[in-house]
């Protein structure tokens, strides 16, 4: 299989698609991204990278940042994190308060917003400056020391962030946060605003395809068991309300963000990252999903 | 019927009761109130007052303040308030977020916290200084120009107020607030902290027993229809989760607060206010309910 | 106040109203009732009856029958009934399964369908032939020994009764029924099919306006406390989703049925029954509510 | 890898485990199965079988039968089935009515009971005698023409089946069933009572590991796409409330039943079936899960 040719073929197909979904509009700063953007980067576990289109252009990672904080938290506190957050699909919207109210403030999994806030809280408790810790972790994993938050997006996020503020306050009312609501939200809004390219992300998350070992860093960032846990969580909880559909169409553990990025992992083969800012009704990149579907169909590589 | 003798008899009985419930503990500043406090004031619509025990000692009105803001909002905007808030029992906890999430951010009634926040928001929109407006309204209605907020309680309330902050943010995320979350919460925490005595309150709410006419002010503060509406709301939604039990045991429209006060209205007869800080499991004054039960049993005056 | 003249005036007004609501369509047998039917009967506690229009024509009492079984159950087992059924508003649809699932199969009150099924189950356990017991109770209270079930309606009800069958089975799965699901449903469908006139019903429920004493039978059918309990339940739970609106507009304890009947009680004054088959969106008689609103406005008699 | 040795080693380990979970007790007929039973059968896609312990002893397949009806329905009506049933995790108990009530009677996926009832209804609509059709399908796929329903279990199931009766009636009230509730339930209770051995089941479901092709029948019973769909559904919805945990611990698409069986699929490698009647709190076989965990750990074969 020639990955480079395949990516180029996929990019050609995508270019001709008329219906490209809707750019996320709840954060003003994200609205202006052109619908025509498309990039893809695939890295194999031997470290080779294949890329196409806007694969080097930074975009807002949004919920993909939940992977960074989860990896950080797991590497800091290990399985202790699961005393504060569940590991099962929620069956409700990513920003639902209902599940939280019924289940005494314990989020169902770390990829719904409530769970991500708890994970971020956990990182804050271990590090003096959590914002910097998270950013530096992203920098090191991607070997891109220039990447940073998009402070305009972070501010925009805070202003529009009533729902997340409701979640954080509900968590606090159940005594599920160790740090002040304000600090947790500030950290969370910043991690979501990280601006990274497909190429950055495929480097950063390649360890998930490699039993936790980073070819870039030449060291293990997670154990094999921890890596399996995260991949299992991505497959069962990583794609908002489309977990089942995505598992069927693409068949890879993956995490999406409303910035239009999707990180997908083929264990022991590759990490593929795609970016197309138009979203489907579930909030996942519409053409990003199509591109990954083409990829796994052509390569016959999926977990099923 | 000699009301004074009756109140004294009730006070005697109450004094001997051993099990007095639990003082509200979620707001630190309320915890210190002695369980032995008991006061009662009854005013007939001809303006006569009967009182007993600690009827002149101010206590924290808490949710009883929802009556002040509701009366204010209705007198300002009339039935328009019902476009922003329902008029039916919620069947859920007073601070539940579930109903709000399922019903697009419209609170079920003005006596659950979410509804009270919307009513307060409405008052803020009409007045430059809503805190002062509410306090002055309470002062005028009770003819006690010395009454004030308990700022220590208000601060305590804010620090412990994650649940209310969650509700206000959830309302904001549904675009149900016209004013900033911070301002709405600040006003709300202050109105709850109003320190008033049974005697103050029986004067303030006597118009509800008198088709909206205040004998104190010698003017109508509400129309007869508006008064009927509020009484109907109190009977069906005013006592947290014990609306049905209270209707049966006491049989009067009433509103309680976790400070241990209960305001009860016998239309065209009297307004009775009782204070005993120990609460039952629903958050209503345990002995306050007993006292009112005795009152309506002895006088045979209830709406049923 | 001349009640007869008032009823005639109300009937005249009602006759001219164009928008009369929708006849219940979920039970085929009810669909054919003409929208133009209108009857009203008012009985004062001294036994005088005033009536107008189709007050002597039998109609399907439907949920009004929940009052019969509740009165029967209370007179049989007293407060024990409240160990099996709550006394508070549910805040959910009358046929909701959600509340039941969340609260371990205990219905919130006896007027939602789940609660009525439990009450009927209780009656069945005490009497060999519950269907006959209920019918005879209705006959005796109304002094009409010719009244009977409408078996065509009962059959129709059973065929369309999937929702009630779901509720009864859910109750059984929580072990909340003592008798077989089939028997409970059969009894319930029959009690709902009772065909009675406004005049029958105002006689039957006059004790609720008279501290439990039936002027017709010249004996107490309930104690004063039991009567107060039922009136309190009607006011807080008797009108489906319009409890608050009805309390405001009419201001009387009342129970409605989808056959278009409403029974309303003015304690220590009268029992008024109205029938108009067109329903509003909550399932209450549209013009029946209007008629009762006129009645309480004109007489100035309401509980508020 | 020598599968036979591995299975024997697993069986040895399992034998020594003291805590074996609880046998399902809600169906009386299942209660008597000895906790010490343990069997396992693994078939590779080239048709070789490896087995150990009680692998040839029939047990009650229970929810594993949902796989048979789903395969049947998909092979009959294709994607049309997804117009009647969702494909996403429910986040609620397998027998919950809440999700169904909130989502207009459309079950979230075919592995919760409500979804399975809809799938069975679909099979009934296409075949005169659905019970026989399902049994014969199981017989053909497993090449065991002697297998049959356990009629005693089916009867026991019906008597204890109030919850399923509630679900079926709720579906019917939303007009989501084409056939009478009674017929759907009867078929469902029978399919659950199918008595099959590990060896039967590993033969029957081997096509799921082989892109839909049955080595036994030498023909395709599903297309490759349909097979991928079912595997994706098993991984995201097949293990009751432990989808996430099972994905992590075992990492294979799987379907369990309260009879203690688990069918697991390693795409393009094998189908493994394990039976141990003791269940964990989620209703999955406790030692069955342990055995499969050992299997995937030892072979390093899982989808992650």
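Going by the order they are written in, the chains are A, B, C and D; count residues from 1 in each one.
The rule is short, and it goes like this: a contact is a pair of C-beta atoms (placed from the backbone, for glycine too) under 8 Å apart; a residue touches a chain by one contact, two chains touch by 3 or more.
Only a predicted model underlies this, so the values are computations on that prediction, with no experimental measurement involved.
Participant: Shared touching chains for chain A and chain B?
Facilitator: Chains in contact with chain A as well as chain B: not a single one.
Participant: Using the touch definition from the top, how many steps at minimum link chain B to chain D?
Facilitator: 2
Participant: When A-D is set beside C-D, which has more C-beta pairs in contact?
Facilitator: A-D
Participant: For copies chain B and chain C, work out whether under half or over half of the interface numbers are shared, and give different or same accordingly.
Facilitator: Homomeric contact, same residues on both sides for the most part.
Participant: Would you mind pulling out the distance in Å between where the CA atoms of chain A average out and where those of chain C do?
Facilitator: 56
Participant: Compute the distance, rounded to whole Å, between the mean C-alpha positions of chain A and chain D.
Facilitator: Measuring from centre to centre gives 33 Å for this pair.
Participant: Just how far, in Å, is the C-alpha centre of chain D from the one of chain C?
Facilitator: The mean C-alpha positions of chain C and chain D differ by 47 Å.
Participant: Return the residues of chain C touching two or more other chains; collapse runs of consecutive numbers into ranges.
Facilitator: In chain C, 102 touch at least two other chains.
Participant: Assign the assembly's chain-to-chain touch graph to one of these shapes: line, ring, star, complete, other.
Facilitator: Its topology is that of a ring.
Participant: Each pair of chains that touch: what are they?
Facilitator: The complete list of chain pairs in contact reads A-B, A-D, B-C, C-D.
Participant: Which positions of chain C touch chain B when the two form their complex?
Facilitator: 86-92, 99, 108-109, 227-229, 231-233, 235-237, 241-245, 247-248, 251, 253, 267, 302-304
Participant: Can you list the chain C residues touching chain D in their complex?
Facilitator: 96-98, 101-102, 162-163, 165-167, 169-170, 172-173, 181
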